[in-house]
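Just below is one structure, and these are the notes that go with it.
When the chains are written out, they are named A, B and C in that same order, and each has its own residue count from 1.
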Amino acid sequence: MTSALSIDTVAKRFGGVVALDQVCLDIPEGTFTCLLGPSGCGKTTLLRIVAGLEQPNEGRIVLAGTDITALPAHKRGLGMVFQSLALFPHLSVAENIGYGLKLRGVPAGKRKAKADELLDLVRLEGVAGRRITQLSGGQRQRVAIARALALEPKLFLLDEPLSALDAKLREEMQVELKELQQRLGVTTILVTHDQREAMTMGDLIVVMDHGEIRQVGAPLDVYRAPADRFVADFLGGANLLSGTVADDGTVALGDTRIKAAHANGASQGDTVTLCVRAEDVHLKLGKQRGSNRLAATIAFVRDLGHVIEVTADSSHGQFKVLVPASEREGLGIGAQATLHLPVEACRVLVR
Amino acid sequence: MTALARLYLFVVLGILSAPIVVVAGVSLNERKSLYFPPRGISLAWFEQLFTDPSWRGALINSLTIAVCAAVVAVLVALPLAYAIWRYKLRFGALLYTIGLAPFILPPVVSAIGFLSFWATVGLYGQMIAVILSHGIFLTTLPLVTITLGLRSIDPTVIEAAETMGADERAVARTVVLPLIAPYMLSGLAFAFVLSLNEYIIAFMIAGFTVETLPVKIFNSLRYGYTPTMGAAAVVFVLLAIAVFGLIGRFGDLPKLLGAWERKPD
Amino acid sequence: MSTRSTAPGYALAFFPTLALGILFLVPFGIMATISVAHRISGGFYEPGFTLASYWRFVSPFFGNILFNSLLLSALAAVLAVAIAFPFTYLLTRQPRRLQVPILVGLLAVLSLSEVIVGFSWSTLLSRSAGISNLFVAIGLMEKAQSWTPGLYAVIAGLTYVSLPYATMVLYPALSRLDPELPEAARTLGASPLRAFFEVIVPVCRKAIVACLIMAFVYSLGSYLLPSLLGRPQHWTITVHITDQAIYQSNLPFASAMAVFLLITALALVGFTQRFLGERA
C-alpha cells in the first residue's frame, strides 16, 4: 500500500509546553486511522497540523508525495468535521454543504444536485432547505459529514465528531461512519479519547500520550499485545502488576512467581509490568494449588448482564476478573477464591 | 415575585415615564400655553413641527447629522473591531480603550476638545464638523456591539470555512459579515438615536449655524415654552422606542446589554 | 492560525486609529494647549504659556463651585444607584418577554436628549402643568406651586438622568448573578428581603461601587439640567465650562476646567476598570 499521508518528525510547542514531540506516522491509502489518547495527549493538535489550522515548529506533512507543510488550510482541499460541528448558523443545510463548491465557482444547479446526493449518502432527506437550528443533534452530525465530503477530499479528518451525541446514537453513527468510509474508500483520520470508538472504527489505531506515539497497529493487535503499560492501561480491562524478572525467567511478585509466555525481551533483574486481561483470568471458588495461581478474596461483584465483573484482592494487588454469567453462584463478597493466570495470557511489559 | 417587589418595579417605571407623560400631555394643548392635564386636544403643535420652516429645518438637520454620524461611527468601529479580533493586535486592548473613551468621558470635555479642534482647522460651525464629531463620539457603541458579535462567533466555524477553501477575504465576506450584521445594525441604530438627542457637542461646534432639534428646543426655551417643544420631545421618544423596539424584536437586546447569551430553548 | 501575519490587521486598523487619533486625541492636545494660552480680553486667545487659567480655577470662588458641583453629582449618583440597584435586580428576575419592553423603555429614556429631560422636568415641577396640580386634585396640597428653579429640582433632574444609566451599568452583573444564590439563602431561612440585603448586595458590592463611580462621572457631565432647573449658584462645573467657552468667550479658562474634568474622569474610570472590573 502506498502512503496517503506522511507525518515526518513533526514537533509543536505552545509557549513552553511540548504538545507534539517529533512525531512520525505513515498513513496508508484508504485506511481509517484513529488517533487515540487522553485529553492533552496531542492528538487534536496533530490533526489540526494535518489540516493546516496549526503550523508545526519542526517537521513536514507530506500528502500523496507533495510537501504541504507551508500550504494554508484553505488550499489543502481536505474535508474536516469539527468537534462543535462548526456548521454555519446563517446558512441553510444545502448552503452549508455547497459552501466549498460555491467558493470554487460551481454553479447553483450543480451545487444543489451535489448537496442532494450527499444528503442521500448520509441518509438525511428532505432537509436541504432547513436552517441549522431546526435540526436535531444527530441530523447536524450528518450535515457536517456531508459538508466535509462535498469537495471529494483526499483526506477526511474528524475531530471527536461524535462526542456530543448520546451513547446509543453514538454507537449507531460509529457503524454508519465506518460503512460510509468503506464505501467511499477515502483515507480517514479520526481523533477520539474513547477506546471502544477507536476499536469499532479504526483499521489502524495510533495510541498517543504526552505528545508521543506509544503504539501503532490494528485494533486487535494493539489490544492483545499492548506495547507498554500506558497502552494496556488506556485500552482498559487489563490487570497490571509490578514485579521483577527472576533467574528462571518468571516474573516475581514478592514470593510468588508467574510464568509468562510473552517475555518481550526482558532480562533477569528488570523491573517489569505483568499484564493479564480480565477476561483471561480464571476464577475458582475455594483454595487450589498449582503454578500461576494466586489466593484472593472477593471484594466486589458487578453484574453487567452478559458477564460478571469480579474485583478480587490478592496479596499482590487487586484484580479484575470477568466471569461468565452462568457461573454466578457462590460469588459473594468475602468468599475465598483462587485466580489462575494462564501462561499464554501473561505478557511482560518492559515500560 | 412578591407584590411588594412588583410594586417597586412599577413605581420606578412610573417615575421614569412621568416627565414624558407630562410632556406628551402638554404637547396636546389647544392654545399656546403649557397646561397639564391639557386643556383642549389638538395636534396643531405636531403639525407645526413638520411645517414651520425653522422647526422643520432643525428636524432635517438632526436627521441628516444622525444618519451620517451613525454611518461614520460604524465605518470607524467595524475595521477596528475586526482587526483587533481577527489579528489579535498587540495594541488591540489599547486601541479598544481609546475607542471606548469618547463615550465614557463627560461629553462637555469632548465638546471643548472638538470646539478647539474645528476652530483650529477652520471648520467651526459647519455641518460636516458636527457629523464627524458625533461619528467619533459615538463610535464606542458600534465598537462594543460589533466586538460582542465577533466574540460570539464559534472560532471553529471560521476554521471550517478555511478547510473548505475560503481565504481571508472569503471568510470575512461569507462568514463573519453575515454573522455580525445584526450587531452592526444595532450599533448603527444606537449611534443614530444618540446623535439625534446629543446636545452639548452639537451646540458647541455649530450651535448658532446648524441648529439641530435639541439645540433649537434649548434656544427656544429662552423665549418661553411652547407646546411645539413637547411635540418634538414626543416625536423623539417615539423614534427611540421604535428603534430600540426593533432591536428588541429582532435582536437579542439583553445580550447586547451584557446579559449572558440566551440559552437555547 | 499561528501562521497568519498581523500585517493586514494593522492595515485595517490604520484608518480607524487615524480617525480616532486626529478627531479625538488631537483635540485634547489642542485643548490642553489652549488652557495655558494667554487670554485676550473680550476676544480670543494667543499662544503662550501661563497658568493663569488654572490659578483662577483654584480661587475660593471657583473652588466653592467645584465643591458644590462634586457634591451635587455625588448625591445624585448615590440616589440613582440606591433606586437603580433593587430595580435592576428585580428587572433581571423577570421573564424575558417582560424584560425586553422594559429595556426598550430604559434605553429610550437614557438616550433622551438632556434638553428634553430638562424641559420635561421644568414642566413637571411648574405651577401651571406640574405635579403639584395632581397633589391639589387629590387633596394633598391647597394650591399648585412651582418647584423650579431650585436645588431640589436640580437634584431630582440629575438623579433622573443617572437612573437609567446606573441601571444599564448594573444590568450585566445582576443578570449574570446565579439565581440559585438567593434561593440557597431562602432555604436556609432568610426572608426575601433579608436574602436581598445579606446575600445579593454583598455579592454585588464591587459592581455597586463601580456603578457609583460611573454614575458620578455621568452626572458630572450633565450641562442642561443644572442650568435649566437650578439658579446660578447651583451651576456645576460643566455649566461653567460651557458658559466660559460660549458666552464669556474665555476659551483658555474653559479649557483649563475641561482638562481638570478630563483628568478627574480618567482617574475615576481608570480606577474602576483597574480595580473593580469584572473581567478583562
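Miscellaneous remarks
Basically, contacts are C-beta pairs under 8 Å (C-beta built on N, C-alpha and C of every residue); 3 or more make two chains touch, one makes a residue touch a chain.
Small disclaimer: the values here were computed from a predicted structure and weren't measured.
A count of C-beta contacts for the chain pairs B-C and A-B puts B-C on top.
Taking the mean Cα position of each chain as its centre, A sits at the greatest distance from chain C. Here the chain at the heart of the shown protein, by mean C-alpha position, is B.
Chain A and chain C have centres, each the mean of its CA atoms, that are 59 Å apart. The geometric centre of chain B is 17 Å away from that of chain C, both derived from CA atoms. Chain B has its Cα centroid 55 Å from the Cα centroid of chain A. Residues of chain B in contact with at least two other chains: 159. Under the contact definition stated at the top, the residues of chain A that touch 2 or more other chains are 53, 72.
In chain C, the residues touching two or more other chains are 1.
Those residues of chain B that touch chain A in the complex are listed here as 154, 156-157, 159-167, 170, 174-175, 178-179. Partner chain C is touched in their complex by these residues of chain B: 1-2, 5-6, 8-9, 12-13, 15-20, 22-23, 25-26, 33-37, 76-77, 79-80, 82-84, 86-90, 95, 98-99, 101-102, 104-117, 120, 132-133, 136, 139, 159, 168, 190, 193-194, 196-200, 203-204, 207, 213-215, 217-218, 221, 225, 229-230, 232-233, 236-237, 240-241, 244-245, 247-248, 253-254, 257-260, 262. Those residues of chain A whose C-beta lies close enough to touch chain B in the complex are 51-53, 72-80, 82-84, 86-90, 99-100, 103-104, 147-148, 150-151, 157.
Considering their complex, residues 1, 4, 6, 8-10, 12-13, 15-17, 19-20, 23-28, 30-31, 34, 83, 86-87, 90-94, 96, 99-109, 111-117, 119-124, 126, 128-131, 133, 160, 163-164, 168, 171-172, 175-176, 192, 214, 217-218, 220-221, 223-224, 228, 238, 241-242, 245-246, 251, 254-255, 258, 261-262, 265-266, 269 of chain C touch chain B.
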